[in-house]
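Before any comments, here is the structure.
Chain nomenclature is as follows: A, B and C, assigned in order of appearance, with residue numbering initiated at 1 for each chain independently.
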Amino acid sequence: MPVIPMTRDRILPLLTVLAALFIVWYVAAALMNSTLQRDMFANAGDKTYTTVELITSSLNMERPKLPAPHQIAAELYKLIVVTDPTSKRSLVYHAGITLEETLIGFVAGAVLGVLLAIFVVAVPWLERSLMPWIVASQTVPIIALAPMIVVILNQFDIGGLAPKAVIAAYLSFFPITVGMAKGLRAPEPLQLDLMRTYNATSGQVLRKLRAPASLPFLFASLKVGAAAALVGAVVAEVTKSEDGGLGARLLAGSYYGQTVQIWAALFTAAALSGALVALVDFVGRSVLKRRGFAA
Amino acid sequence: MNMGTRINVVEISDVSLTFPTDDGAVQALSGVSLDIAKGEFVSFIGPSGCGKTTLLRAIADLEAPTSGAIRVNGLSPTQARAARAYGYVFQAPALYPWRTVAGNIALPLEIMGIDRKERRKRVERGLELVNLKGFGAKFPWQLSGGMQQRASIARALSFDPELLLMDEPFGALDEIVRDMLNQQLLELWAKTSKTVLFVTHSIPEAVFLSTRIVVMSPRPGRIQQVIDCPFPRERALDLRETPEFLAVAHRVREGLRAGHSYDA
Amino acid sequence: MKGREAVPPLAFGLAVLLIWEAATRAFQIPAVILPAPSAIAMRLAASLPTLGADFVQTIRGVLAGYLIGNAAGLLVAILIDRSPFLRRGLLPLGNLVSALPIIGVAPIMVMWFGFDWPSKAAVVVVMTFFPMLVNASVGLASAGAIERDLMKTYGAGYRQTLFKLRLPNALPFVFNALKINTTLAMIGAIVAEFFGTPTVGMGFRISTEVGHLAIDMVWATIVVAAVSGSLFYALVAGLERRATFWHASYRAK
């Protein structure tokens, strides 16, 4: 079966869908905002507005129910390009905070996840007793733990971005553990038997067979972990918003009814997430290619 | 040859089939012509790449020839498929694991809209035909490989097509099971007088089962030789040790060699 | 999980609880930081009516959103199944959206649907839709070539092939998404309550009690949330076992 050429057959459908989404968005925005806009006209005593005026006003409201794409784009432009990146109003500033927390949390979560996976594979009873709890721990809404972790760390005078990095690590370690454990177990019985005939120690089996075999699984789970770390950082910022970050902007926008600000922060977080995952994917693919895994 | 009483079920006229691949065009079939009469058991034998599976799939309308024509009961392959003129048995049983054996045999009947009572009757008949009576309520993964293949044969016969297309159906089984299934297939063929097209890698299997053997050679895929198998319809397994059997097998082997089957 | 399999994790959990209890007493850890399990248990027992009401409120959003989100995801997967073009456009988008901090959608949903549980259901719909869409699409495409050829030889049409082959074959993938979505639904509903809710609900309880520094109550709520989340997951896993008993993963043991 011929490989789908990147440009035409992958980009074209994506662009078509995005274009359709764009159009639907505009229509939805006009529809959803028009009721509010009508009320605003009525309150201002304006009775002679045309449909065109109604639509254009609906698409340019200050506090719309659903901001139009160009409004979000304008806000993004204002807060990223125009505003000074060191000011507290700049999305670049807040994105930087979130990114820092995410990266530290992700690295910590990755290390923890890999170590835990190695432990769980090396000591089978550990998996039987520990894994069900790890799975259950993921059902605990992290947003509940976030304020508590903040309080606990405060007692040890650890503040700032540490609590958020901890939450980011907490959310990212689980998929990495699961994926890495699966990868470490990926070698077939035949390959393990071969190692037995060489009288290899389990450490050698780990280094020479299990670890290389686990690479594809590792990178697949690192992608999930990176995205999860970002979610953790954002959620943690919502509960402790004094230190800034994209989550704090989300909360601020929601408090003050600044809809466009909420969407701008959301899109920035989305872009950050996408970029992070793409980066991990890129690194993963280069490593895998050099180690002989088919692209 | 008495042309008056010979009815051709399959007529293949100068068929060529080229596959476009990343490394250039591959000619899977080149100028293949063959007529198959009702009630025959025709085996296709040859190395990989000789086009035997492609030919079977073309007859089944699963591939389209790039030139030439195929007629099944006078219809084009597409019309024949729509008219459910044949049953296909693949190399793997391909039974749906979420259906019982009986459910699997009934699958084509459901698709063709046959009512429940009639379906049940035919499923029972099918199970008996392949010696799987009593296993209807089991699931495919509870059966051995040989039993699964028998179930897939019963499924192919459940809607009573005149033509049976089989693509190396016993290839994945061990020799002992294979011998048993060969015998059962022959009995089934004798009982139901179907026309069978059978693709195989095994010379003894081809000689044992067939009325005619089509030896094919690769690059490009074409018919090397057609060899008659003059044995009666009723055959026992010990036929395979008789000199007449070995003579035919020898001719097949010579045909394969002539077609460069043994070149790497 | 069969009876015998439950012993190691239960034993482990019991051991952790005992160590926790001992540590809080031995080191005199203030309840504000880490309450003892016994304290949490007492608080839980004493607050059953409140926690019960919170549970009911939150679960409304969870269940409504779960049902709608999964149904919609499955339906759209079936709809776009006929168009490889649409699939190639939507699936990458779906993968991207699944990875987003959907938590950001919560304030927007509250703005659109109000303070009560419908806005929470809306958040859950958004969170569960895409994992189901992606998994169902992959599942629908996963039917083997031989199985599909078989349907062709029966002259089966698109709908027959869909219902008799591709949908049953896609069930393991669908259930994979259903299981993932149980946790997403619980988390989504609870987190959404942080952004606006009437004075009841597990998320509300947590955020308020944190403000009161009643950490034992926070933990009690967490216990309720974790237990209900695990039960929800176990329920779906049980359904999965019955619907996909035939799949290789159950027979491998």
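Basically, a residue touches a chain if its C-beta (ideal position, glycine included) is under 8 Å from a C-beta of that chain, and two chains touch if they have at least 3 such contacts.
All of these numbers come straight from a predicted model, not from anything done at the bench.
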{"item": "Per-chain Cα centre nearest the global Cα centre, belonging to chain", "value": "C"}
{"item": "Higher-contact pair (C-beta pairs counted), B-C versus A-C", "value": "A-C"}
{"item": "Most widely separated chain from chain C, with each centre as the mean of CA atoms", "value": "B"}
{"item": "Centre distance in Å when chain A and chain B are each reduced to the mean of their C-alpha atoms", "value": "54"}
{"item": "Computed distance of Cα centres, chain C from chain B, in Å", "value": "49"}
{"item": "Rounded Å distance between chain A and chain C, as computed from the means of their C-alpha atoms", "value": "18"}
{"item": "Per-residue overlap in chain B, given as positions that touch at least 2 other chains", "value": "none"}
{"item": "Complex contact set, residues of chain A against chain C", "value": "4, 9-10, 13-18, 21, 32, 65-66, 125, 128-133, 136-145, 147-148, 151-152, 155, 224, 227, 230-231, 234-235, 238-239, 247, 250-251, 253-254, 257, 259, 262-263, 265-266, 269-270, 273-274, 277"}
{"item": "Residues of chain C that touch chain A when the two form their complex", "value": "1, 5, 8-9, 11-13, 16, 32-34, 85-90, 92-93, 96, 99-105, 107-108, 110-112, 182-183, 186-187, 190-191, 194-196, 202-203, 206-207, 210, 213, 215, 218, 221-222, 225-226, 229-230, 233"}
{"item": "Sites on chain C touched by chain B in the complex", "value": "144, 146-147, 149-156, 160, 164-165, 168-169, 171, 244, 246-248, 251"}
{"item": "Contacting residues of chain B [partner chain C, same complex]", "value": "60-62, 81-84, 86-88, 90-92, 94, 96-98, 107-108, 110-112, 139, 141"}
